[in-house]
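Common to both upcoming complexes is chain A, partnered first by chain B, then by chain C.
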Partner chain A sequence: MKVTFPYMGTVIIYKKLLELLGHEVIVPPRPSQRTIDLGVKYSPEFACFPFKVIMGSYIEACEMGVDTIVTSGGHGPCRAGFYGEIHKRILHRMGYDVDVIIFDAINRDKDKFMENVRKIKGKNSWIKLSKAVKFTYDLLKQIDVFDKEIHRIKPYEEVPGSTYKAWQEIQKEFDLAYDKKQLKKAVERSREIINSIRLKKVDEREKIRIGIVGEIFVVMEPSINMEIERILGELGCEVERSQYLSEWVDFNLVPSFLKKTHEEEVLKKGEKYIEIIIGGHAKQTVGFIVDFKDRGFDGVIHLMPFACLPELVSQSIIPKISKEHDIPVLTLSIDEQTGKANNLTRIEAFIDLIRNKKLGKFVV
Partner chain B sequence: MKVGIPKALLYYYYGPFWEILFEELGMEVVVSDDTNKKLINEGIKASVPEICVPIKIFIGHSIDLAKKNVDYIFVPRMVSIYKGEVFCPKFMGLPDMIRHGVEGMEDKILTCHIKSKNDDISDYRNYIDVAEKLKISHDKLKKACEVASEKWYRFREYNKKGHHILEAIDMVNNDIKLESIKKYDNDVKLGVLGYVYNMYDGFVNMNVIDKLKDLNVDFVTFDMLDENELRKYIDDMDKVLFWTFSNKLLGAGYKFFRENEVDGVIHITAFGCGPDSFLGKLFEIESDDTKVPFMTIRVDEHTGENHLQTRIEAFVDMIRRKKAKAVMGG
Partner chain C sequence: MVKAYIGIDVGSVSTNIIALDEDNEVLFKLYERTNGQPLETIKKGLKKLRDELGKNIIVSGVGTTGSGRQLAGVMIGADIIKNEITAHAVATVHYVPDVRTIFEIGGQDSKIILIKDQMVVDFAMNTVCAAGTGSFLDHQAERLGIPIEEFGKLALTSKNDVRIAGRCTVFAESDMIAKQQYGFSKADIIKGLCNALVRNYINNLGRGKKLEPPYVFQGGVAANIGIKAAFEREVGHEVIVPKYYNVMGAIGAALLAKEAVKEKGKTNFRGFDSLKTNFVPSSFICTGCSNMCEVIKVEMDGTPIAMWGDRCGMWTEKVKQAM
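Then we have the complex of A and B:
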């Protein structure tokens, strides 16, 4: 079975899980102009941008000989839950004979879910499956710690680019870990790599912290969000996202009696503005803006795919939140139009405003 | 007290119910004007640029009502009218969007969660929030719901007997008997698929209905069909869409394509409609498989109507020619 998956964020995670179960994994190429072009060509015109990128990614993977695609489903109201169904139909009409395995919530259709699990499990024992899942989960938790740290120290690096080089090395370390012992070693090595980065001393009052909120795909996948974390880092800002894969897993897949996630607190903070969960991450978006403010961040960038249904609701409400909580928010809508200059200018201007505001506060 | 009901979105499906409901509750009901240029422009100004036209129009209607000095504007939160299904996120967040997004609306919005097992949303428990805000007893609310429900069922009955929604509303309001409206019998019959607020808002679709009538074309819409019948056509899918009205359209579409009852299918959709981006693809695939002619008309805030006239004429001409050819060729 040659397997692939949607390309989003730190892809070594999905790769790892499938590899541990003995599948031949084909990682699609990092989304490029070609990916986007292919996706746009074969997707419905008004499908959202993540749909198109993933479409392109699947086509590229099919060209590489994939016969199975594993992805997650959903039950609305956001369109993302239906991606797999439409992707499948389009791929089949293009003549690719691929099996698309879509994981929906277990409580909706238990039989279908178990059937899917068995397909993925193959000949492995249940113990091996659960071990593989546990190991991947631990790895994910660890790698996200470093992901967060990298973007916190990036603006203060002495040698430009050294942090990102370190991040590449760290991902390689994790990629090589296949058991607990190796994982422990990878963590130690990564810690050393991070510690070896030389950092400038910066006065606490001059530090600028920016939160990134919005739809999960454009927030997590750097290749299509102009590598916004890097851009902000180069402009001297610490960055934290509202979405990390491990948190997504905690919130969506781990049974609720086992955890008390930060995300639930965040949802409460958003309640005033969006009463119920309306799909996607709209409620999280408004909650996180308030949360970032509470945690002392200086500004928030809101990313959304063009015409994203839930995020349009949050976008409508953001001006009010921004005013009530006195936190600047910049909304950027991302689509197949890849010219960067206009967004760059907006981001730079936004950061300049924040910096001036902050300096002004201390001068007065 | 004056309660305003925006003449937009699901007004074209539940309007007959909501109007009577508030009248029975002793309110003075104000319905906003028909959609017009000025009203749309107000809506556009007050909403985020990327959002779909129907929502912009709804916001325009809300502003229109605010100008008419109503005490409250009724903006229900449509959550679900079918088990396991929901509405588009924009419907579910509509009161939030207007309350927090449009200036001066915060205290004017009258809202409640609408959850139901089927199309009938007359359960009084849906409106308890409204009754409490208006200081109305549950008994009175219950009675009002019953009266309004009776009328809504009559409206749906006329609708399902082949009269489109505007006709059916008119018939219910003016107590016109069912027999007194003549039936059409033309050579071309089309299936027209579109949400009620795109189909029946003459301004946004530039009077598609009249244009079809002028061309001597009969048409069927999803609302003229029975809900249970629509379900039959999507029951065998692994996974249906999440949005109930989209599923209604899907069921109607599959029926049109597969049953050979119509000569062609037109899908009327609004610019930026998310659910329709997938729905439309499913129709395209179906049209490919069944060879039934299919056309998509996308409406937005632009108002030049010549292109629409041309496209509809061309589509109907093509069908007429195809039919003539089939007859001649034996």
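Then we have the complex of A and C:
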């Protein structure tokens, strides 16, 4: 099988799992203007932006000879639940003979789920499969630790761009790890890389922490969210996202008797504002705003794909949350538009607002 | 010779240049249409400033703002490059210290800024939509054959209330035509249009926000007394239009430049003579990695003076080191 997957965030994770099971993995190029153009051209006009980008990415993967796509489904009343199926039909209509394996939550259709697992498992033994899953999971946990750390220290780097380079190197280290021993080494090497970054000393009171919440794809994939973490880092802010892959896995895939996830706590915090699951990540969005405030963050940026229904709902309730919890929130909607001057103005003004509020004066 | 601080606001429709003296009094004020040529417009504007004041002032600080702030800032050696929301707020607070709400309507965007204790506490900017901006009014004035300068005055003469849809300029336009065919006067239709624009503005930008007086209305559209009256009807309170309503962004940039220079001691201003040099902006796709960043390069007489757009910071850094 020549396999690919939706391009989102730290892609070496999906690649790793599939490789460990002996599949030939084709990683599509990082989403570029061409990806978006292709996606927009072949998608229904009213589909949301993540659908279009992933569409474009699949087409690029098909051009590279992929025959199988592995993706997750969706649950709840968000259009994303149909996306795997619609992607498949569009690809077939375009003449690409690909199999699309869609993983929905296990309790929804157990037989279908197991059938999918068997497809991925191939001739591997169940032991090998579980080992591969366990290893990937451990790797994922570790790499997310560094992902978080990079964006915490980015604003204080002495040499501009040094954390960005470090993050590239760290991903390479992890990419080369295929067993426990190598993983341990990758972690040690990454630690050294991080420690070698020279940092400026900044007074604790002057540090600004920004949380990013919203729909998972636009939050996690920097190539389509204007690299918001980097922009904020350059403006001197520490950044943490509401979504990390390891947390998504913990929450969605690990059986509930094995865990007590942070996400459940977060969802409780937002329940006052959105009681039931309305699809997408709307509940997480409102919960995380409260959570970021509780953890001492100074502001939150809310990202949503243009016309995303669940996030439109959370957007309308945000002013209330913002007021009740005294935390500034800026909503940005992301679409295929490439000019980012407009959003940059908003982000800069938002950071000015937070900095001035914190220090009690107009800072130049 | 007096010290002067220059503020430049490079917007989509107009480019504004201001010079302030040490006491923040306006020495020079210019409001020019950008006409898609920001570099040329800035050069022309600064030349005018020099011709008028050149011998009497020492330029002690320069600030830029507006959507073209980056390029303008690099070109003249700005001490501060600031987004227009902060710049507007700084200027308004200077003239109306107790201001709580700022309505700003420009050529292609509009914003609302909420202030408390002279600090910005919240703001909103219109999204991809021209309803509620100057360009739309411009267009409609032309269609009705009324000079834009007369537009507001005419609205005030109307005695009737005509409801026009303000959600979208396309609907607004067809609504206006329909009302025209019913026989309403131009004045009535224009008043209806002013109301629709303000209604749309408040619904869009003021959504979920508590708007408190004093209200200040600025930006190019503040020249339109019809819109000002519509705002007053909508909020039920007096709305202040400051004296320099159409150049507030530039004033803010000048005020911020003064602060910035105070902190670092001297200005980066390249001097008026630098205007004669040739600035050439260009862009290329960097192939250093798979990111394929579009890198913007500005050259002055053939030497690169600034680069941006690279995600890794490689080019940005290279230019900085070379200088």
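What we mean here is this: the second predicted complex is superposed on the first by the 360 of 364 C-alpha atoms of A that agree within 3 Å, B and C clash if a C-alpha of one lies under 4 Å from a C-alpha of the other, contacts with A are read in each partner's own complex, and residues count from 1 in each chain.
The definition used in the following text is that a residue touches a chain if its C-beta (ideal position, glycine included) is under 8 Å from a C-beta of that chain, and two chains touch if they have at least 3 such contacts.
Everything numeric here is computed off the predicted structure, so don't read it as measured data.
In the superposition on chain A, A:Ile120 makes contact with neither chain B nor chain C.
By the document's definition of touching, neither partner reaches A:Leu91: not chain B, not chain C. Touch criterion met: A:Pro29 reaches chain C, while chain B stays clear of it.
Look at A:Ile327: by the touch rule set out above, it reaches neither chain B nor chain C.
Among chain B and chain C, the chain that touches a larger number of residues in chain A is B. Using the contact criterion defined above for the overlaid structures, shared-chain residue A:Thr345 touches chain C, although it does not reach chain B. Applying the stated contact rule after C-alpha superposition, one finds that A:Gln337 touches chain C and leaves chain B untouched. After overlaying the two complexes on the shared chain, residue contacts for A:Lys357 are found with chain C alone; chain B is out of touch.
By the touch criterion defined above, A:Pro160 lies against chain C but remains apart from chain B after alignment on the C-alpha atoms of chain A. In the overlay built on the shared chain, the residue A:Arg79 is in contact with chain B alone; chain C does not reach it. Counting contacts as defined above, chain A residues 316, 319-320, 333 meet chain B in one complex and chain C in the other.
Here chain A touches chain B in the complex through residues 44-48, 73, 75-79, 81-82, 85-86, 89-90, 93, 102, 104, 108, 273-276, 278-280, 282, 306-310, 312-313, 315-317, 319-321, 333, going by the rule given at the top. Only residues 47-48, 50-52, 77, 79, 84-90, 92-93, 95-97, 100-101, 113, 238-239, 241-243, 271-278, 280-282, 285 of chain B touch chain A when the two sit together in their complex. Remark: chain A residues 29-30, 32, 159-161, 164-165, 223, 227, 230, 316, 319-320, 328, 333, 337, 341-342, 344-346, 348-350, 352-353, 356-357, 360, 362, 364 touch chain C in the complex. Considering their complex, residues 67, 80, 82-86, 90, 109, 119-123, 125, 127-128, 207-209, 256, 259-260, 263, 290-292, 311-314, 316-317 of chain C touch chain A.
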